[in-house]
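Consider the two complexes below, in which subunit A is the common component and subunit B and subunit C are the respective partners.
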Partner chain A sequence: MSATAAATGESSLKSWLLLAPLLVFLAAFFVVPLAQVVVMSVTEPEFGFGHYAEIVTDGFHLRVLMETFVTALVVSLCCLLLGFPLAYAMAAAPASLAAAMMVVVTMSFWTSFLVRTYAWMVLLGNRGPIAQFAEWLGFAAPELLFTRFSSTIAMTHILLPYMVLSLYGVLKRIEPALPRSAASLGATPAAVIRHVVLPLAAPGIANGLTLVFVLCLGFYVTPILLGSPREQMVAGVIGQQVEEFLAFGEASAMAVVLLASTLIVLGLYHRRFGLDRLWG
Partner chain B sequence: MAERGFTRRSALVLGGGIMAGLATPNFRRVRAAEVLHVNTWGGVWERAAIKNLFEPFTRETGIEIRPVSPVSFAKLAQQVRSGAYEFDVTTLGAGEIIRANQANLVEKLDNTDLAKSPPFPGAVFQNGASSHAFATVIAYQKAKYPNGGPQNWADFWDLQRFPGSRCMQRYASRILPIALAADGVPADKLYPMDINRAFRSLDKIKPAVRVWWTQGQQSQQLLRDGEIDCIALWHARTLELIDQGQPVEIVWNQAEIERAYWVVARGTPNKDNALRFLEAALRPERLAGFCRDSLNGPLNPAAFNHLSPAEAARMPTAPAYKDKVFEQDILNFGGDVNAVTQRFERWIGT
Partner chain C sequence: MTKPYLELKNLSKSYDGRSRALDAVNLTAAKGEFITFLGPSGSGKTTTLMLIAGFEAATEGEILVDGVPITRVPPHKRGIGIVFQNYALFPHRTALQNVMFPLQMRKMPKARATEKARAMLALVGLERFAERHPREMSGGQQQRVALARALVFDPALLLLDEPLGALDKNLRENLQIEIKRIQRSLGVTTIFVTHDQSEAMAMSDRIVVFEGGRIQQAGTPLQVYDRPVNEFVARFVGDSNLLPLHLTDPASGLGEIAGIGPVRLPPQPARQPGERATLLLRPEVLGLAQPGASNTCRMRVETVVHFGDSALLIGDAGGTALRARLPGQAAQGISERAEIALSWNPAAGHLIPAA
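What follows is the complex of A and B.
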């Protein structure tokens, strides 16, 4: 064995030692409880795959899952539509303005999402500014709260920073000469975006969509506080199973299904782009 | 080597001695001044309990009471299973006390003075000491109904005469009896419930229910913000809003009463002191003070001797409301409570 190989071996041992506390922590507080959830889903109250069979067959759970996925998809697309122009402007802006815009985006990122949820309750409420504006214009105050609209808009707002940050990362790296030369060759601004910027930004778009989609799948408080009672997201149903019925088996099975769906989405992303790029 | 071993050992002995010396008096002090841990709902409820129930008990017996919150039925089950007690005494609602007895989570009261010579009829129920009650009442925005809002549950269901948004608690065992009352079932015929009829009645009001509240705070906020015109909520929350000057009306007619019981966690080492607390908590004067401050209604009728008529008028168990209100009867529910709750949750989601 050469000296260098021994040295690398030693340094990799050292780095494993440095990692050990984190790995032990993750194993004790993440892997083990997660494994317990999986075990509970087939052992509570008795051994069997009954909970999974119920989820697939009883209609209710599949509908909740469907609704969760549709909501997550809608929220991801809304984030993309709102986030792309913002990220594009940030990437094109002079450094000081870009920094100011970045502060605004990250400020909303750092504010507790519970606070942001309650802020939407105030904004969309019967006596909120939107209702008052509608009345001032002579319309009846629209009922905005407790609808699919209110929960979607709040979740979009909460998740928007993830989209903006992942788009900003790729847009900033686009060589400024490329769009410029396309324009000088006669491409309209729309054609520049479509044929030059969008293809180059594709990895960032995929990143943003995946992040927002996966995070949105697990949303709990926002849909409960703002959404319509008729639309239920998986996380809310899981919470209810635990708190109200002490039905740990059924809740665990739902949680495992949710986890599996998330892993499938991440797996698809990994095959196409590589997971290591997800955080930019 | 021997010398070093000796030093090390002596250091250990010395350290151990100091530890023991530090620990023992403390340990003895806790034992000498006995402590009872009582589970409370926090906030106003806890302050009312400390002032009217805990402090008089400590003055009389020398037993210190430490409040523990929040209230958690799951924790009661957990601590009986694990043998580590965070609280010795807690309160349970009617539905929970039946579940607690089925799961054998509370101490039996059979041979206690409370059961042998009850201070009032019904003082002991399912191994719980009947303490106080709250009610689910109708409340509405005065501005929305200037000529008076719904006066009973049938009115609450009547969207033609009383148009406007509705809100109710997401809690099947409280809402189903109300749905039957709205459908014209007389108060003494509510139980055992005709579950299917209750759901058919609920179908009629469902489109007007914009939101089903889950937290007491939330129900209050919805009314305060003017988000909801007409709501079924707890009487104490409504009184708080009225006391704050909100333009809200409370309807005592057809208030749905639910009792709360003090219970002793099964197997607690402080069982004897816990039982003494249960007996003391039902005494008329203390209970009257507790109910006055926590906005509950006493179940011991003698407590009303210590309350003014104005104070009694804020309590769902007041004699004046006796013929207007109705009570829950979970023992005679008319179906499996869990299955009905599941059905209710799915009904809401469709």
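What follows is the complex of A and C.
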């Protein structure tokens, strides 16, 4: 009895030792700076909750938060609409084709998202192929760049792999006999999707939506480079406050609000599905 | 014969455009018949089932149900109930909701669908399990739910694709009887696919033996067992001794087996003298020879396997491998490496013409 206790004690000591470097690293470069941000949000320039009160009361901050949430929601839904057919086709495809599709999907993971963002700037730019095509057709070149449309489309593109992989995981696990058996029982192809595939894919859908939503909330570079300067997202506003106005307190408060919103979303997901499943 | 209900006409299937997984299959079934497709894996039995269900498209040929061609009808409009080997129950639905699914797809009012599904669950003996999810049920129970689900919408045909393959022996035998009872009470025309010949013998009105994408033989279980048309069927259905035979004088019913000697032939249509054939002797046809018996052979016993009610003797006679099944009592004194005299009734043998 005591021998086993000693043994478990020893092995748990060992695992703590193995974890130690990571824990020290996280403490030094993540927990401490984060704590500093929290402290700054109530001490800079003087002690008080003024920044938070400002966020809640002045229209600007609330509007930015709202914009951010709406954008994240739109991007998540776009990813779902685009990603579902792709993941479904991948799950149904023969192994070799599925592997090829997987390479295409993960290829965007390997490409720096800065590069992908610049690629969109080229595509959507005033002299870009889309504008030129519109002119060739005889229309005025549409204003695509620096709008909410351009930042949404680029973020959807960048985050799509997360959605596709989440959905592929659940769709691949659906037994192939189930859609067949549903068809034999009289279900049209649409009814098979609605009554069999979607309910069984629900955890993956929730998973993908949460991942994309949370990642999108904190997006910085893409909306800054592609988005409309009038419709900023939270991360961009925080950056601006730090770089242009040196308003560290205000920026910190916004950062804390952003962090809290992210944690709330993850908390809701955890209550319903369990966080351990989020990364598949 | 009564009017055919299911007709397969010249049905062929090729996956690569050259070799044929199924080659010109012709078959008819009467309404209410229980037909078993028997064969090793890759013999074409499952391919035929998939063509009837509509999950695969026929390369050639026609399928008719009650005189109506369904070859180009999509699966969801065929109205054919299918039970899969791995049950294929919807894991997110309870037993009752699973059974209600086909009725829901047919837009039946909910109250009526519930009532019908409950009645069907009662028929398979699972009314108390209506609210359970598949994961909370045993394999046998899940299989019954699958059966109820495939029957609840009064299907034109019931297809069973090795439905008992994953179950243990006792459960299998119980479910065989159960499936047969339910099938009789509903009178639904049924096709049962299996590679287990004892299952086929126990359940079928007719057995269709498949091999190499072709039907080798279709007949009642006893026809297939007693009078197989070729060596493949003889070997695949039941235990068999296949002895090469020289027809020395078929007109007077005489032949000769190398190493055993002259034997009397089964009473089958006359053949040409000098022809070669194979004599099928089921192991249970052989018995200990009485003094003065004809059709005898001497068997050197190598192994005795006791089953209690019977014993299987494995050995050889004049260089030909031989298996004999004797009643348990008769086999008691026989030890391994003994030499015994066996005889058989000529009429109990069966001549298979040389291929």
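Just so we're on the same page, the second predicted complex is superposed on the first by the 275 of 280 C-alpha atoms of A that agree within 3 Å, B and C clash if a C-alpha of one lies under 4 Å from a C-alpha of the other, contacts with A are read in each partner's own complex, and residues count from 1 in each chain.
Convention: a contact is a pair of C-beta atoms (placed from the backbone, for glycine too) under 8 Å apart; a residue touches a chain by one contact, two chains touch by 3 or more.
Keep in mind it's a predicted model, so treat the numbers as computed, not measured.
> Superposed on subunit A, are subunit B and subunit C clashing or fitting side by side?
fit
> Can you report the vertex angle at subunit A, computed from the C-alpha centres of the three chains with subunit B and subunit C as the arms, to the nearest 10 degrees?
150
> Using the superposition on chain A described above, determine whether A:L145 touches subunit B (first), subunit C (second), both, or neither.
first
> Could you say whether A:A182 touches subunit B, subunit C, both of them, or neither, answering first, second, both or neither?
A:A182 sits against subunit C, while subunit B stays out of touch.
> Can A:N126 be said to touch subunit B (first), subunit C (second), both, or neither?
A:N126: touches subunit B, not subunit C.
> Return first, second, both or neither, reflecting whether A:L259 touches subunit B, subunit C, both chains, or no partner chain.
neither
> Taking the superposition on A as described, I'd like to know which of subunit B and subunit C A:P229 touches: first, second, both or neither.
In the superposition, A:P229 touches subunit B alone.
> With both complexes overlaid on chain A, does A:V64 touch subunit B (first), subunit C (second), both or neither?
Only subunit B is touched by A:V64; subunit C is not.
> For A:E244, using the defined touch cut-off, is the partner it touches subunit B, subunit C, both, or neither? Pick first, second, both or neither.
In the superposition, A:E244 touches subunit B alone.
> Between subunit B and subunit C, what is the shortest CA distance in the superposition, whole Å?
48
> Would you tell me the residues on subunit A in contact with subunit B in one complex that are also in contact with subunit C in the other?
Residues common to the subunit A contacts of subunit C and of subunit B do not exist here, since the sets are disjoint.
> Give the list of subunit B residues in touch with subunit A in this complex.
74, 165, 170, 209-212, 214, 218, 225-227, 338, 341-342, 345-346, 348-350
> Taking the complex as given, what residues does subunit A use to touch subunit C?
Those in contact with subunit C are residues 175, 177-178, 180-189, 191, 195-196, 199-200.
> Inside the complex, what are the residues of subunit C that reach subunit A?
The contact residues of subunit C facing subunit A are 53-55, 74-82, 84, 86, 88, 90-92, 101-102, 104-106, 149-150, 153.
> Which subunit A residues qualify as touching subunit B in the complex?
60, 64, 125-127, 143, 145-146, 224-225, 229-232, 240, 244-246
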